[in-house]
Amino acid sequence: MKIFDEIESEVQSYARSFPRVFHRAQGAYLFDQEGNQYLDFLAGAGTLNYGHNNPVFKEKLIEYILEDGITHGLDMHTKAKGEFLETFKQYILEPRGLEYMVQFTGPTGTNAVEAALKLARNVTGRENVISFTNGFHGCSLAALSVTGNSHHRGAAGTSLGAGVSTVPFDGYLGDGIETTEYLDKVLSDSSSGVDTPAAVIVETVQGEGGINAASVGWLQNLAAVCKKHDVLLIVDDIQAGCGRTGTFFSFEESGITPDIVTMSKSLSGYGLPFAVVLMRPELDEWKPGEHNGTFRGNNLAFVTAKAAIETYWKDDAFEKDIKRKGDYIHSRTQEIVNEFGEGNFILQGRGMMRGINCVSGELAGKITKKCFQNGLMIETSGADDQVVKFLCPLIISDEDLKKGIDILERAIRDVCAKEDDMPEAKSYFDENYDIAV
Amino acid sequence: MKIFDEIESEVQSYARSFPRVFHRAQGAYLFDQEGNQYLDFLAGAGTLNYGHNNPVFKEKLIEYILEDGITHGLDMHTKAKGEFLETFKQYILEPRGLEYMVQFTGPTGTNAVEAALKLARNVTGRENVISFTNGFHGCSLAALSVTGNSHHRGAAGTSLGAGVSTVPFDGYLGDGIETTEYLDKVLSDSSSGVDTPAAVIVETVQGEGGINAASVGWLQNLAAVCKKHDVLLIVDDIQAGCGRTGTFFSFEESGITPDIVTMSKSLSGYGLPFAVVLMRPELDEWKPGEHNGTFRGNNLAFVTAKAAIETYWKDDAFEKDIKRKGDYIHSRTQEIVNEFGEGNFILQGRGMMRGINCVSGELAGKITKKCFQNGLMIETSGADDQVVKFLCPLIISDEDLKKGIDILERAIRDVCAKEDDMPEAKSYFDENYDIAV
Amino acid sequence: MKIFDEIESEVQSYARSFPRVFHRAQGAYLFDQEGNQYLDFLAGAGTLNYGHNNPVFKEKLIEYILEDGITHGLDMHTKAKGEFLETFKQYILEPRGLEYMVQFTGPTGTNAVEAALKLARNVTGRENVISFTNGFHGCSLAALSVTGNSHHRGAAGTSLGAGVSTVPFDGYLGDGIETTEYLDKVLSDSSSGVDTPAAVIVETVQGEGGINAASVGWLQNLAAVCKKHDVLLIVDDIQAGCGRTGTFFSFEESGITPDIVTMSKSLSGYGLPFAVVLMRPELDEWKPGEHNGTFRGNNLAFVTAKAAIETYWKDDAFEKDIKRKGDYIHSRTQEIVNEFGEGNFILQGRGMMRGINCVSGELAGKITKKCFQNGLMIETSGADDQVVKFLCPLIISDEDLKKGIDILERAIRDVCAKEDDMPEAKSYFDENYDIAV
Amino acid sequence: MKIFDEIESEVQSYARSFPRVFHRAQGAYLFDQEGNQYLDFLAGAGTLNYGHNNPVFKEKLIEYILEDGITHGLDMHTKAKGEFLETFKQYILEPRGLEYMVQFTGPTGTNAVEAALKLARNVTGRENVISFTNGFHGCSLAALSVTGNSHHRGAAGTSLGAGVSTVPFDGYLGDGIETTEYLDKVLSDSSSGVDTPAAVIVETVQGEGGINAASVGWLQNLAAVCKKHDVLLIVDDIQAGCGRTGTFFSFEESGITPDIVTMSKSLSGYGLPFAVVLMRPELDEWKPGEHNGTFRGNNLAFVTAKAAIETYWKDDAFEKDIKRKGDYIHSRTQEIVNEFGEGNFILQGRGMMRGINCVSGELAGKITKKCFQNGLMIETSGADDQVVKFLCPLIISDEDLKKGIDILERAIRDVCAKEDDMPEAKSYFDENYDIAV
């Protein structure tokens, strides 16, 4: 650990929650240098939907590297890229009746968001963009300007406001207030102070903002308002996409068709940096090289992304499995909330993107800390870190899923039931708790 | 090729200059699907200083993947990251007397630039940043705001100007005008309209801007002006770093010590996405997670980056080799310019980052097009794409280096000597030109 | 008229609604060059609360000019300024228990708003400002950024959004939704995307935005939310102040005490350019000359402003008179709305700042046009110019007030009752209608 | 004085330099409440070119007020406005071969600048504007963004940089460097980081920036660069116009024709708030009411402005007189500089807009302070207040002009010659110095 203290910047975040030096990983487990194993309910913040080092993809990756397949290709045509595009078209776009052009941006989510915002502004000739309360889209400047979190916003050191209007997300104003009506009103009112926007950018389930799931009806209303006002709809599917909510795209259930979609995180399948922007063909007004980036041709990611699609998305078996596990998480967490929530805890999310809103960030932090003591890596989310966030690999075994929730349940019981009088819990590692090696 | 036409966005750039489907690559060569080989004087726009799929790094990479080393680690401590840091400290920082903290940003250059600008602004509490004419720092919004190129700037669709003042780079105002004096004057003058900046961001050799190399004296003056006005000096070493100019950091020759350094491109050695920000320890005022990014723990890159440093930077042999080859390039291109430049062509750059300024973008384009017909991939740079840019792998063999320059020389001769009356050159592939397979 | 066509810019606005060349004015009447008289229910857009060329102030003004009193004094101390300050303190501030410092800005409302925003931002060190839907604060850039109207916003030609968040005004989201709760929520939520603001800027009755009057309760809630979050409350009392709503300051009825108040329009009493910013003493952190303006010492305005206060604000007689007339306007317009509004028209405003919302801008335009044909100058307001706006001089005689409303009533009857079948109304001037000379 | 201490804001500036309570003024003199007289070499910061309370204009003003001429006319046509326009056309525009449309903005210089910038941006569809080092254009946000002074800029509390690039004014880079060539270069270079601007905004003589006079050749080059790049040229003639430099417009000598001109300060002649924007007819693309302002119809100013033009600009007698006096100031100050400047002092300006650059702000401050002790009001200018600025009324008598310069000369002698060893000078008032009453 010494080298990290010595020369790694203070900006570290997860390393503080999980103060181990990790070495290997497989499926739903990470292993530290001492060989201890940890059940992973964080999954690279949603990047490892198919688990760590998925063996099927690994084989393809090794094969490609061994044959000296191009690693770094800028935006040049390569066999690996072509095959990814074919696969993506055949198994993702066509079965869903979607016609999109694919832009390879720099291989990070924030880069895809930057590109999407540029495109929307250039195509429409408008500057303003609608973002939502508790939205999170990245930490580069334009992405940050549509991100709600003040911790991140405050780090910019320069003006963020230009060309962004924030409106309330689904449910933000309480039950019974359909916030898309507010959006419709300000867009209909030439004196509202909200300039006609190029686009609306939205997450169907807000990952960092607290696992807030928009309802199907709200998404449909949002799409209708966008259409009515000739405003582009950008779905940022970076965290909720790639099956996390139960379908490949998180918006499938609502039946809407966004004009632009950003994808990253689990797209490569193997945790390799990769990001794309999908856009309706008429919107593809990019001029050559207008938006670029050195690593937009990360060919290793093309190889594993293709493998992921071929392995999991050729039929609906995987979707059904996600749904089944999602239902299990829901029912287990419902019981936990009923038993320990004292009427305060709230369940959030959908599919395998779930959260328990503990209202208090301090409480949620105690719970996740205790989980880690017991071998479960799980994080919090939300403005005050008040939501315990489930992001386990979608391919997790039923046994491991149960085990993880069991640990969580015990942690919540320990923290909530006896918070005042119980002695500091001993680590379950000390007690030879079963998941510890 | 069909799939690219069908669903890849029009934003493609290099794919237009080099319209082939590439598959494999090794050292200084790419191979297309038909097996034709191309000598690579582009090197991933400076990302492949150690050549494609360097066999030493490849071995380490395969080994790491096979043992299920963590691929994606967010910002958690991992064995691979720790070893990279140890190696970087031992062979890069310590021998050069540099004390820097290392921040792992999202693994693209533009992300590192965004982080560097945030840090400088937060530490100083100032908003303005000084950028230079013809500077290029990336395409996300804050990086774009310090980038000179109007093609890129114009794509933002929103205001770029806030908090950036552009001043003339070395030589911009002609010989005999030391532009750091202008900078000193506007910073000394409380009524200049140039607000006291947080930082100056500079490339020692402007890669995209036309291979404009700042002189040692100018860099020293720049550092002195920064110090005088208590302004942070950021060297963006993304393209010029990692040995390109002859030393690991491009600023070593000048003896200056930047406050902040951004690195990416060839840092991973293998073309894998990777980027860091180096900062003087006193500047590391980051709060946990203030700047984040899903792929800031691209562990495969840590493995190859360590291998690259261990292989090439343990002693000064590599530096000497770069210098020798750089001199060769210089003398060969000098001859070419003398013979064909008609007094107009200008040599630019230093080390193995060189360019021939052909003044006309049209002319430079004809030259690089003809090179490609003859099996050499080489690109242009500069505001009008008027500079033929040498970015061959640093590890290129003498033979291949000679071969590449020979092709270039022939192309220039063909284009310049007989531009008006010669028939359209047949492709050398058709003529079984020797470098074609 | 020829000279206006020849060389006056197309930017003209009121000159299009009232296409005459006016020459003289007295009390509630304007007279054109031909001697025709027009009853003025526009009153310089709220600048002539005391009527045109009020004879009492006129005498003081003539006297001052004759004795060569200083006309233009920059910000130097002058007898006229001192006497204005004394009078303002004695009859306005002290009786209301208000302690404010007075800043003389450039003598236009927009300039006072610019100064108020600067002050709030400097004192708090924050950039964001909360503005409201349908707010109007002026046409210079910072004032424009807090103005809702897209017609004005669109003319800026540069980014407006930086550092401003627009939230819904009282009633904007319909009955039963207290929009200050929304404001409280976004300010309480660190992930709302609404950065903690320096200030909230609000009109108690939105003049240009459609005569929308905030309720007493809403203003009290707004003040409480500001206090809770340590945000400055700026009341822009430029149009609603100086007695227009029944009290000198429009916020008196609500019992709140703004941190900063902007005043202009009727402040000089005589229609002379004048504007001030009032601020709580602790906020007066201005450095000498930080905000300046050549005409901030328009001493003629000091003279008439003093006369206006002494004449109308020494006791509560004027307030009572405004209330009485306001009630008359209300009851008369209520009858009109009941008779002709077909359930659509809505009464708005309070005091002598009233409006009939005709829902349709086209309809409202026909009404005011017909009014003008009959000798009444009255204008529209609101996002779609859908509100017929009453801004008659506060000192109007009962007879003239009745006459004006009679003309309006007739216009509404003509326009609404027989809109489809009636012939184009002849001008009442042609028919020797009684108010024409 | 008590009331000023009690409730006037700390923002006061001139009131600190001249701590008296003034009451009357006539021609070149102000009188305080005690009857002391002060010779005015400040002239309302250039607003009182025709002296205080010019008796000819005063007569017209009184007459107009007595007959109840309209005081406040919004933008409606009035007899007074029409007559001003006729006069302006006949005696100002036509004799100079200028075709301009006239826009009446809010009656302050900064408002005219805001309007001019809007117009330029809207007509061209571009955002960037070129401003110059040491330029001053006002304190509302857009005007501030093109102003160089950090004292004013720093007060904005929000981003200023958007859409403005500052380039060096004439002489800023030293002799022999023609800064318009730098401007031409950055506008010709698509990678300069200086986006093609809507307009250049320039003062021919920088008033607040230190009485820096652009040469005729530089202005011609600037106009040529603007034309070459299809960029609008805005001359801000607010301080240098209305005869201050010897001709009505300050740019007449150079023979250039700006696309847009802003005027204010001495335009009304009597110190009354007044401002206009002049624009080439093709640029008058304003939509009705796009830029407005309550006091844009300050009819009293129209009356005095007409009188000023008729009195002084019907023939060239006034121009010749200004030139003669300007030459006198120049030769007197040349002698003073030669005798006391020790080779450091520099003469600046042209016509009757002159300055002595004392290099040190402290020194200049001592000089002006001593002048005031001796009955002369004169101010400093420049980034460090290092320039003693001559802005006496253009109509000053030869005797008073000599008297003022005599006082200044004595002050400089006192301050410079014996700075170290002389006792603190007694006030000349105490010594019955001849100009004191």
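The letters A, B, C and D name the chains in turn, as written, and every chain counts its residues from 1.
In this text, contacts are C-beta pairs under 8 Å (C-beta built on N, C-alpha and C of every residue); 3 or more make two chains touch, one makes a residue touch a chain.
From a predicted model like this one, the values you see are computed outputs, not experimental measurements.
Among the pairs B-C and A-C, the greater number of C-beta contacts is found at A-C. Distance between Cα centroids is largest for the pairing of chain A with D. Work out the mean CA point of chain A and of chain B, and you get 31 Å between them. The centroid of the Cα atoms in chain B and the matching centroid in chain C are 58 Å apart.
Spacing of chain A relative to chain C, judged by their CA centroids, is 49 angstrom. For chain A, the set of residues touching two or more other chains reads 127, 151, 154, 158-159, 162-163.
On the chain A side of its complex with chain D, the touching residues are 158-159, 162. Those residues of chain B lying in contact with chain A across their complex are 1, 3-4, 6-16, 18-26, 30, 33, 42, 44-48, 52-53, 58, 61-62, 65-82, 85-86, 88-89, 93, 100-104, 106-111, 114, 117-118, 120-122, 127, 138-143, 145, 151-152, 154-159, 162-163, 198, 238, 264-265, 270-273, 277, 279, 284-295, 298, 300. Chain C meets chain A in the complex at residues 127-128, 131-135, 146-151, 153-154, 159-166, 168, 172-173, 177, 182, 185-186, 189-196, 209-210, 382-384.
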